[in-house]
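Each chain carries a letter (A, B and C) given by its place in the written order, and its residues are counted from 1.
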């Protein structure tokens, strides 16, 4: 069974916390012990794990990612969103979580984020749970 | 069973699409539902997922990665390929795919790429399928 | 069963090889064939795979990461460690290894590293093995 999570972004570059949605998918799977793959089915988005306490952390992250990979930098791709494609490969399309007692094993400050790099858009994340 | 895919690069920095080879390995495994780990067994290469429609996307990506991590930047490693090692860790040695009906669940434009950062060389990718 | 590995860092930015500790966890699991997820339960750390032969490689990598994501760059997060959070998402919180004959399938020069980006600290890595 594969769980699909819909995400709606409201900015061009935005990190949206999806920890609650992922926890819900794990509960629906009924799996107590194993791993879960959280996958962004898009080439201009990504999935990452980072701090969910102070919103300035994700604000600093999107600001710095825009400095590291400028929106315009002599790219040739005619759609004009090459920076989004590059950020997607740097952050990565998926995260793999460890599950214990039906919950993801996350550190105190860790939250799961869908990273929008070419929004605003309606997006799809997939969650696959493997028992073990 | 572990599937080995040989990749031959023809440039120093190059992204080579391997989606067809990964699909073939999944078919050979006979697994209909589960996950697959695609792993680059090299410290100056990586695996990523990105757009496979317009070749300018991977061209922009290799150009920008060479800007972010310049080939020469005061590195000490005597082999002279530190930039390749750093790109390898930024992009990452593996990707994990979700499998349904024997096929990887990829978005419309997503292709799987072997990233060569210190070519040209003959390289090896491993694919391991877990049923579940 | 989840294996916990304690890591003590001694610098602010440091890559600590943990290949031997991960191999030990795999042996303790008794699993001969499958995959293993190595996960850093922290938002200012990461896990990566890179060369463990010449120590200059990890020295060049930490130097270059500090150039790409400067320690101070107009960040707002009041703890002052935004650069560490950003590096964590660029390198990634986990690596997934392929296991054969009870050992991780690594290339000749590949070692597993815990990446400290906000040390020195006492840290925790988790290893989860899935048979298959």
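Everything below uses one rule, namely that a contact is a pair of C-beta atoms (placed from the backbone, for glycine too) under 8 Å apart; a residue touches a chain by one contact, two chains touch by 3 or more.
None of these values were measured; they are calculated from a predicted model.
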Hey, how would you classify the chain contact layout here, line, ring, star, complete or other?
complete
With over half of the numbers shared counting as same, classify the chain A/chain C interface as same or different.
different
Chain A and chain C: spacing of chain centres that average the CA atoms, whole Å
20
Can you tell me which residues of chain A touch two or more of the remaining chains?
34, 68, 90, 92, 96, 130, 132
Interface residues, chain C side, partner chain A - complex:
2, 34, 37, 39-43, 68-69, 73-79, 82-83, 85-86, 88-90, 92-94, 96, 124, 126, 128-132
So, in the complex, the side of chain C touching chain B is made of residues 34-35, 48-51, 54, 56-57, 59-61, 63-65, 67-68, 90-92, 95-98, 100, 105-107, 109-110, 130, 132
